[in-house]
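The structure under discussion is supplied below as structure tokens; questions concerning it will follow.
Order of writing sets the chain letters: A, B and C. Residues in each chain are counted from 1.
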Amino acid sequence: MTFEYAPAPESRSVVDIDASYGLFINGEFVDPFDGQHFKTINPATEEVLSEVAEAGQADVDAAVAAARRAYDKTWSKMSGKDRAKYIFRMARLIQERSRELAVLETLDNGKPIRESRDVDLPLVAAHFFYHAGWADKLEFAGYGPNPKPLGVAAQVIPWNFPLLMLAWKIAPALACGNTVVLKPAETTPLTALAFADICQQADLPPGVVNIVTGAGDTGRMLVEHPDVNKVAFTGSTEVGKAIQRAVAGTNKKLTLELGGKAANIVFDDAPIDQAIEGIVNGIYFNQGHVCCAGSRLLLQESIADEAIDSLKRRLQTLRLGDPLDKNTDIGAINSSMQLAKIEELTKSGEDEGAERWSPECPIPDKGFWFPPTVFTNVTQAHRIAREEIFGPVLSVLTFRTPEEAVEKANNTPFGLSTGIWTEKGSRILWMANKVRSGIVWANTFNRFDPTSPFGGYKESGFGREGGVQGLGAYLHVEDPS
Amino acid sequence: MSRVDVRKTHKLFIGGAFPRSESGRTYEVTDAKGEFIANVAQASRKDARDAVLAARAAFAKWSTATAYNRGQVLYRIAEVMEGRREQLVHDVAQAEGLSSRKAAQQVDASIDRWVWYAGWADKYAQAIGNTNPVAGPFFNFSIPEATGVVAAVAPQDSSILGLTSVIAPIVMTGNAVIVMPSPSAPIPAITLAECLATSDVPGGVVNILTGAPAEVMPWLAEHADVNALDLTGIVDEAVAADLERQAAGTVKRVRQAKPHANWDATPTLSRIRSFTEIKTVWHPLGL
Amino acid sequence: MNLLPTRPLTDTSNSGLKAFLHGLPGVDAVGLEARAATLATRSIKNESKAWAIDTAISMVDLTTLEGMDTPGKVKAMCAKALHPDPTDNSCPSVAAVCVYGDLVTTAREAVGDRLHVAAVATAFPSGRASMDVKLMDTKQAVADGADEIDMVIDRGAFLSGNYSKVYDEIAAIKEACGDAHLKVILETGELKTYDNVCRASWLAMEAGADFIKTSTGKVSPAATLPVTLLMLEAVRDFETKTGTKVGVKAAGGIKTSKDAIRYLVVVNETVGEAWLNPDLFRFGASSLLNDLLLQRQRMSTGHYSGPDYVTID
């Protein structure tokens, strides 16, 4: 008798989705000036979930104006102590509504409910908690005795961790005394709109947080708005460069969190079963839609064959399917566009001579899906070793010595994260020192925490989010030189 | 009959050596009254290219030198400058049209600033790095690391103190720098180069290209092996904006122009932060 | 040093064993525990749950190992072991009864050939006695009718690095078992580190264990999900190396059906279906059985059951 796990769906009834949403400006939901809306779908079923407003120039102007008014009249005049209390309220409300928000996130994004419930939502609440506590302690953060906010922050976030990316942006901005206008990704607007509801429940003064939904044009209008003091962007390197060009010559402060092609390095003395878990988590967690994904597996050549066998064995127990099923490990790809990109790059892997393998994986009829995939015999020159695929596709390369591992790990324009698996302490620290990436995970992977600063080297972006270092992005320090 | 003096040839400073510009060009530098002082090398894009190579090569060792060692090297720069105080005072007075007394104040403040930064070398990691109390069985620490190769434009109006205030934090944190001094007042920078060359600074850690920032900086702003720009001394907003745009091509870190600053005041940590990257490391805490 | 040992272990001198055992890959505790915690989030419903409960019942070694055990207590437990749910004949019987050596005769009379009779032996639970005593303990139990022997390893010898003493004892007890099955209790709560558990597992398997077992149940912590996961990984790798399947018994501290089902998930996703039967996986438990019965009744009747509807023994 085989041990089949019966479907274990999380109930959808915990969340109420409106048929249509407006923009959240100045504390209220309002229709867009020119009335345009667009649909958002569930990528696992292609069912339409709702329609949301497409913010045009007039809407962006209104949102920035509301943020400016709220900054000038209310938020910048409020003590840090009081700001803290509003942010604590929001953290608590998020905890209370966690189940609802997790289900909503899974419906809109396609990620497994186990991840949105156990990873995304707890971190979202934790980010608001952590930053709430900083609001009245900024003079101790190392930015001088009297650091000030910047003013109005324009924030554009991606679709891979919609509510978590919102938390990473809004929590520090508010804690430091700024007001915000945030644009969620066009394929995942719903949890941001639910967050707007939470702002209302928390009685947050109107205009402190504004949410404008829309696509690339809305983001561009927001970033280019002359009355914005700070721009924060997480997304692709290509768009990040465009934004950096767009704010050149202005006084807007900028932070960017862009793509990656992280090396996950496994030495011959690695704790092998846990390393395999780390590899699997590194690239298949969130369907590989992670900027810091361990997408290049660097195996020490002397143990490569056994490690690949163990990896393939482990992949056979991954479950792909309904994201609302609590037993699902691999959910849906977020959009048909992203699926097309993954397919194109994966095909290039085959064309360029790498060996492709996937476990047997029944694929549902509707929705956007891609099975977990491993390419072996990959070299640095292959496209699948250089370009960010942003999908559940692992490229396996080998190395002979620690120096060679470092060279290969660093041989990329990206520099977001690196994984290192070895039992030898001195080697862990030596490798951590040498790799040029903002995050180093040694004998672990994909760990996040609001106290821990996150961000990249080189074309993975600049600036950090989280920790005391992350506050710097939202503060203005009087600087004689 | 007074002695015929031997006049200096003012060359570039690249990789610890003093080459002429590969273009062979020079330009005239005059004092504050418009009198001719010297022909100074005018750097070309190829000089910039060579400087980047020298800086990248030097970066590998400089960034891995111990903080203590870097502090000692910076302190020695101050020692050597102290020994050359009179020459520097003369150069600054001539370049900026200052009285000897005022020029001396600038030179003294510069030497003191090198000493100040020397003292920071083994401490800034404690000021801007820390462990992080993550919510799980992990040890987690954040440390500042050098960004890499920095291309900098020194202030136009402060030929030694502003210049020092731009260079010192960049190299103190382990970076290598290519700096363009004020085109109209470059001589103090060249004298500084002589101090650097005779101190313990490894060749290539500081490279000084005299010439026209508007001509050379775009090449550096687009150069894929330059990690950051310091546009402090750019006066023209349009030029600054262009350079910022070019920097976006490889996502360089840019410190924006601030052509008129109060160089006398004690600096903040801002420049140290501008040219360091925070790296955060996680490791499980277990049996 | 290789990922996994692949050459047969020929040098069983202490230095040979030490080189082999110390050469095994390390175990990262945080990673292991995180993997176990993720497996514990699997949600098993409906038909799968019913199957899991029945399977778990069929894997129970119903146990009494108290100083105050009497023949009466053992007979009552055996009756329950044969018919766990007097209200429902479809309920499977357990795998075995597990008693001290001097009560084996009573147990065997009570169950006949219908169940296995497992005896603890080798100066259970401490293992602190001479080899002669341990051999006698074993032989007597087998002679009295035990067809399974649950022995304890010498933890003192293990922790002091005297691996060949541990190895030789296991081999000798295996021989004394004759046709009886040997389960080797590692007493993971005294081994303390996962690296030790990994080494002890390999040592026991190489020495001839048919089953490796987590605990005596007398020391806390006894069985845990991470430690069992680790032992299953060792068993999986041993099969890859030698072709032999060794069983795993999780004993002590498993009280609820929810716990038991989690263990079955771990077995399923580590070694697969081949181990999901009483020949290769057991629960050493006493109170677990009643919780399994309560859940079984809930599933068949549709309402929650209560302690009055299951027997105390």
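Keep this in mind: a contact is a pair of C-beta atoms (placed from the backbone, for glycine too) under 8 Å apart; a residue touches a chain by one contact, two chains touch by 3 or more.
If you're wondering where the values come from, they're calculated on a predicted model, not measured in any experiment.
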Determine the chain that sits nearest the middle of the structure, using the mean of its CA atoms as its centre.
A
Count the touching C-beta pairs: is A-B or A-C ahead?
A-B
So, what's the distance in Å between the C-alpha centres of subunit C and subunit B?
69
Could you please state the distance in Å, as a whole number, between where the Cα atoms of subunit A are centred and where those of subunit B are centred?
36
Per the centroid of Cα atoms for each chain, what is the distance between subunit A and subunit C, given in Å?
44
Per-residue multi-chain contacts in subunit A, two or more chains
443-444
Two or more partner chains touched - positions in subunit C:
28, 30-31
Multi-chain contact sites of subunit B, meaning residues that touch two or more partners
138, 284
Within their complex, subunit B touches subunit C through residues 137-138, 284-287
Please name which positions on subunit C make contact with subunit A in the complex.
1-4, 25-28, 30-32, 34-35, 41-49, 51-52, 55, 233, 264-265, 268-269, 273, 276
Flag every residue of subunit A that touches subunit C in the complex, lowest number first.
1-8, 114, 118, 268-275, 277-278, 303, 306-307, 310, 317, 326-327, 423, 443-444
Sites on subunit A touched by subunit B in the complex:
126, 142-144, 237, 240-242, 244-245, 247-249, 251, 256, 258, 413, 428, 432, 437-444, 447, 449, 451-455, 457-462, 464, 467-469, 472, 477-481
Once bound in the complex, which stretches of subunit C touch subunit B?
28-31, 33, 192-195
